[in-house]
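Chain nomenclature is as follows: A, B, C and D, assigned in order of appearance, with residue numbering initiated at 1 for each chain independently.
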Amino acid sequence: MNDHLLSLIVAAPALAALVVMFLPDGARQAIRWVSLLGASVSLLGSIYALATYDSARAGLQRVEDYPIVPSMGVHLRLAQDGWGGPLLLLTGVIIFAGVLASWTVSKRDKEYFVLLLVLVSGVLGVFVSQDLLIFFLFYEVAVLPMYLLIGIWGASHAVPAKGPFQAAWKAFAVGDKQYAAMKLTLMLLVGSAAIMAAIFVLYLQAGATSFDLAHLAATSYDRDTQIIVFPLIWLGFGTLAGVFPFHTWSPDGHASAPTAVSMLHAGVLMKLGAFGVMRVGMVLLPEGTHFWVPVVGAVAAVNILYGALCAMSQTDLKYIVAYSSVSHMGVVMLGAATLTPAGWDGAVFQMVAHGIMTGLFFALVGIVYERAHTRAIAKMGGFATVMPGVAVFFTLACLSSLGLPGTAGFVSEFVVFLAAWRSGHLIWTIAGVLGAFITAIYVLRATRAIFWGPGPSDDFHELSDARRTEWGALIILGTSLVALGVWPRLLLDPIDVGTLTHLARLVPGVVR
Amino acid sequence: MSATLGFGVVAACALLSAVFVVRAVDLIRAVLWLGITLVATAALYAMLGASFLAGVQLLLYVGGVMTLMVFGVMITRRHEGIAPTATDTVRPVRGAVVAAALFGLVAAAIVNTEGLDEAPARALAPLTLADLGRSILVEHLLAFEALSLLLLAAIIGAVVIARRRDPGPLDEPTEASR
Amino acid sequence: MTLSHCLLLATALFSIGVYGLLTRRHAIAVLLSVELMANAANICFVAFSRFRGGSGQLFALFALALTVAEVAVGLALVILLYRSHRDTRIDLASEMKL
Amino acid sequence: MTRPIVLALVGLFAPAAAALLLAVAPALRRRGTPAAALTILGSVASFGAALLLLADRLHGGPAALATVPWLRSGDSVIAEIGVCADGVSASMLVVVTLVALCVQVFSLGYMHDEQPPSFGRYFTYHALFLFSMNVLVLAPNLLQLFGGWELVGVTSYLLIGFYFRKPSAARAAVKAFWVTKFADMGLLFGLFVLFAATGSFRWDAHLAPAVATAVTLLFFLAVVGKSAQFPLHVWLPDAMEGPTPVSALLHAATMVAAGVFLIVRANPLFEQSETTRNVMLIVGAGTALFAACLALVQSDIKKVLAYSTCSQLGYMVAALGAGSMMGGFFHLTTHAFFKALLFLAAGSAIHAVHSNEIDDMGGLAKRMPWTGAAFVIGALALAGIPGFSGFFSKDLVLEAVEHRLGHVPWIALLGTAFLTAFYMGRVVVVAFFGAPSGEKAAHAHEAGWSMRGPLVVLAALSLLGGAFTAPFARLHGEPYALHLGVGPVLAAALALGGFALAYRVYGADRRAAPAVLEGLSKVARSRAVNRFYEFGFHRVALVVSSGLAWTDRYLVDGLINMIGYETLEGGRRARPLQTGLAPDYVLAVVLGVVGLAAWAVAQ
């Protein structure tokens, strides 16, 4: 069955971007509708792809293979495995909601949508690439537009110079949007350099004939190589996944980024990092993984607890959400580190669940920020009176983030922690559950501070509830969150198919 | 023996005049000293059995390039700066040290290379002009053509670069002329 | 007259050229030094051709042509330099500094 | 699908349908009245199904279980969801749906003055709550029970914070959620341990003794949170910030009883650990006595009832700790009826007087005879006066506890019975008899039938609930015979004494403050336990958190900034190397050549 569906899904946003590029500057509506069209093609395509994935047959499906540099074995090889469908769907949902949430962007809107769509094409490409070099190229396509998106459309704020390293504050305006964009890009590029090195080591050791992931996975690398290369991949991709202590681009980056960019970045891009660690690092390097996994798991536990604790004393709404992302990405890495089917299922499910949840969060924060012109929680209060709908969705996002049963967040956290506990990592689990409890503290505190209490003060006279397209974004994200929480097998079953295929190489016992 | 003596004379001429080339204050003189070096080199070519090359050297270099150089000097200034700067005392020493180091190293390498002066295993047939011509126009025709193209490009490039455009930049000192 | 003699001579000429390159400030003088160095290289070609065979002469011929081209362009540049700076001392031209 | 399954599903999804409809149709919700109608309709359907289910069970119908795999990983099913229709769930479902229905009908009158949108919101929350509670009650395994457990926690949070504009309500809602969520970690870890040991979330597993103790102690931590046992009881009095019907339903009759329900459900596990049961006995009896003492000095009628709830939940926990599932569960049932009745009657009084303070009331029985009668019946039932439902259930509890741990818990519970009668007597005397204390109390009048009806139903149940004892015992397969031993007689006598004393003290002077109680109210005002938690949060957690945030900003990120800064500085320092002068570059090239030559020679 080759219907070129995957090419379509990946290319649709890029094509839409191309069309948008040729639209006249003033065509506001046309720009938005074309972008939305591109996003919807990806969304619907990914739903169809997920629905028609043959779980019984498992493995790679809808394989498309176009040679690019045959002499080096570089092929544009797209295929969908068990993980591909759910992650495509996540990306589709987020970009669709993201375009809707960006409807009111007024500054250089054409360029904005072009970059947004190009970025999404990159993300979609990563999830279905079966060729490591192409995987990496898509990865870069997804990462780089972020620089412009934050640097041009972002928001700045000042961070006072303190501490032993305040000399650095002289050189950069810390908290400035260009600073955030630059830090994010540079940190991710350093990570990319590590990945690149690792890719070439793998390629050469595998005979320098092909970048095909299946071929690379079938090669057995010697133990020392694996032990050296695995950390390169873990930290390289891990930087994007917010692995402690390489997470610091995330709070500043997310806080400075415009709404839809934060949504995409925290919602989808951070998942690329975790996906890369699992799909490339762990699957290709079993011995290296087994050697390093205690460290990976311990750092993940640190991430969960550290992110949550840091979030607790933030005063800026976006920072809270950003640190909560750092914390929740720890759950993904923790699940990955268990090396059990349940842990991996939970990890991938958490990618989707957290993606949607944090997308919803940032959409809401964007709405609040646009109306209130401040992100300082201390200044807000009583917003539920004038924006009840936003308050409802915010509460929903909070509940999912603290892992309430019936929302997607519960499923992934429960499965991951259960897997971690069951595989004997009691300390990690305790740290993780404590992190989830602290999440409950800070999200509810924020909700109370922003939405509850007597009506808003006179400073906020422009407050209003969500508007048409914003409703669209909120409803799509909120519904997905609840639907996945009530019936997680929608995604968990296909994810499990992928998990078993990939995990078989690491843990020989789990062959189906 | 006579060949060695001849080589010695030629080499001495070349080196001595080369030293004058780099030391002469007056540029016209430097150009003329270079001419002598080039002539000595041409003589060396002839001694090494490359008579055609010697001819080309004389024609092209001594005839063409030297003339160009003289014109170049005439268009611009004849002397280097009037007031010597601080670097002027450091620079000759530095240059001399570096040049001597280079010479020392390469010369040592040459002297230490064994079997450099042994006669080749089989006698070499002298290279005739016909051989040369065939080589150029048959074996290396492509390179030859490319070279001619390069020369053409260089000529056009030189003309374009040196062509006087509007009188402006010459007459009024621009911001760039610091 | 042996190969090593020729090579030593070439080395000496080259080193003198380097000395000139490093010490002279007038653009044309620098050009002259470069000529010396090119000449030294040519001597090597011819000497190897004489004592070891091969197409060294051919190379020397081509190199000669290249040198001529270089001189033409170089002089043009010197003239341009003179026009823009009213001077031909290369250490005054520090536009390459960021 | 068998009949019990269908009935259970109807019971489960009727309120769910109402909640879902109200959630997706804001127009319906904002109109208010349709929302109430839908919610009540859902509750009626749910209640009807529950009654049929219970009737079937009483006539010996089979227990039924229907599940579908919910989480799968690899070849194994991790968790299932579904419904379990057996005696325990059927009787609990009846109690829950009945009280919910009463409270919802009562709310029609009580919340009448709300704006339509918030009226609709209120009923939407109620539908959501009933669904969540039914998820918990009908759970076929402990994981689903946990799901329902968390969901009722959220609806509790939403309902406590219903008056979200009031800062105190907002604080109370969040506090309730935090405290119970903290305790819920126990349940979560208990599930982990259970799953690691048995590979499932069933409550009838056989465990090694150490594992059983670990699991049940962890579960009990969650019970302590949810059922407001010492020392995690602090949220319940604050939760009285919610509307009074909410207090009646969630924070008296059903949700707080979920903890007790968990023990009943997981009784096979709890039976395996003597240690846990002793802990339960001590905590339960201790809480009963402690909360009863605090109830003595509250002046807010709802707070009296709240502490009373803590105290009665302590009874249930102690009974279960003594191994009497029947006693604990039956006391849960009767308590649900009479405590809901008390809260609703109190709500009716509050509605009339517009104040929670008993000092603002007085003489209400004359002006509001229905309410007064209802409250008195509730008080008598709560105190365990013979003939009322509370008597029968307390009898079971006391009988079970009597010989355990050297009679100490038993004595504590008997003391509690006395105190219970005393504080209820105080409220009855001060609020409902004597002269009205002000304008409002003097002009208080009975509300409409929507508020009176539920009172009548619940009063009847509180009065006659004792009649259910035998069928209840049969349902759970335990022998039952009423026997008047020392315990019940003593308890009844103490209760009567408590009432008498209350009448003596407060009948003459409604503001009387015996010296003993002075000390107690000092203790109550000091809020020692609360302050301990506040200290923990503000002085420990927040300080650690802001320290870490500072570290992250200025050390971790500072280090990264520093790397960037040093790179820039390095560039700046290296910059003079680039002079822009051609001779310098030439020198560099030549030096490079010399270097290469040296390297070549050295080779």
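Throughout what follows, a contact is a pair of C-beta atoms (placed from the backbone, for glycine too) under 8 Å apart; a residue touches a chain by one contact, two chains touch by 3 or more.
Values in this document were obtained by computation on a predicted structure and should not be read as measured data.
Trainee: Most remote chain relative to subunit B, going by C-alpha centroids?
Mentor: Result for the farthest chain: D.
Trainee: Where the CA atoms of subunit C average out and where those of subunit D average out, how many Å apart are those spots?
Mentor: Computed value for the inter-centroid distance: 94 Å.
Trainee: Just curious, how far off is subunit C from subunit A if you go by their C-alpha centres, in Å?
Mentor: Taking the average C-alpha coordinate of subunit A and of subunit C, the gap between them is 60 Å.
Trainee: On a C-alpha centroid basis, what's the spacing between subunit A and subunit D, in Å?
Mentor: Here the centre of subunit D sits 36 Å away from the centre of subunit A.
Trainee: Approximately how many whole Å separate the CA-defined centres of subunit B and subunit D?
Mentor: 98
Trainee: Would you mind listing the residues of subunit B that make contact with two or more other chains?
Mentor: Residue numbers touching two or more other chains: 91, 94, 98, 102, 106.
Trainee: Of all residues in subunit D, which are in touch with two or more distinct other chains?
Mentor: If we look for residues of subunit D contacting two or more partner chains, we find 583, 587, 590.
Trainee: Got a list of which chains touch which?
Mentor: Pairs satisfying the touch definition: A-D, B-C, B-D, C-D.
Trainee: Which positions of subunit B touch subunit C when the two form their complex?
Mentor: 3-4, 6-7, 11, 14-15, 18-19, 21-22, 27, 30-31, 34, 37-38, 41, 44-45, 47-50, 52-53, 56-57, 60-61, 64-65, 68-69, 71-73, 75-77, 79-81, 87, 91-92, 94-96, 98-100, 102-103, 106-107, 110-111, 113, 116-117, 120, 124, 127, 132, 135-136, 140, 143-144, 147, 150-151, 153-155, 157-159, 161-162, 164, 169-170, 173-174, 176-178
Trainee: Touching residues of subunit B toward subunit D in the complex: what are they?
Mentor: 91, 94, 98, 101-102, 105-106, 108-109, 112
Trainee: Would you tell me which residues of subunit D are touching subunit C in their complex?
Mentor: Subunit D residues touching subunit C: 575, 578-583, 585-587, 590.
Trainee: Give every residue of subunit D touching subunit B within the complex, in rising order.
Mentor: 583, 587, 590-591, 593-594, 597-598, 600-601
Trainee: Once bound in the complex, which stretches of subunit C touch subunit B?
Mentor: Residue list for subunit C touching subunit B: 1-9, 11-29, 31-33, 35-36, 39, 42-43, 46-47, 49-53, 55, 57-58, 60-62, 64-73, 75-80, 82-89, 91-92, 95.
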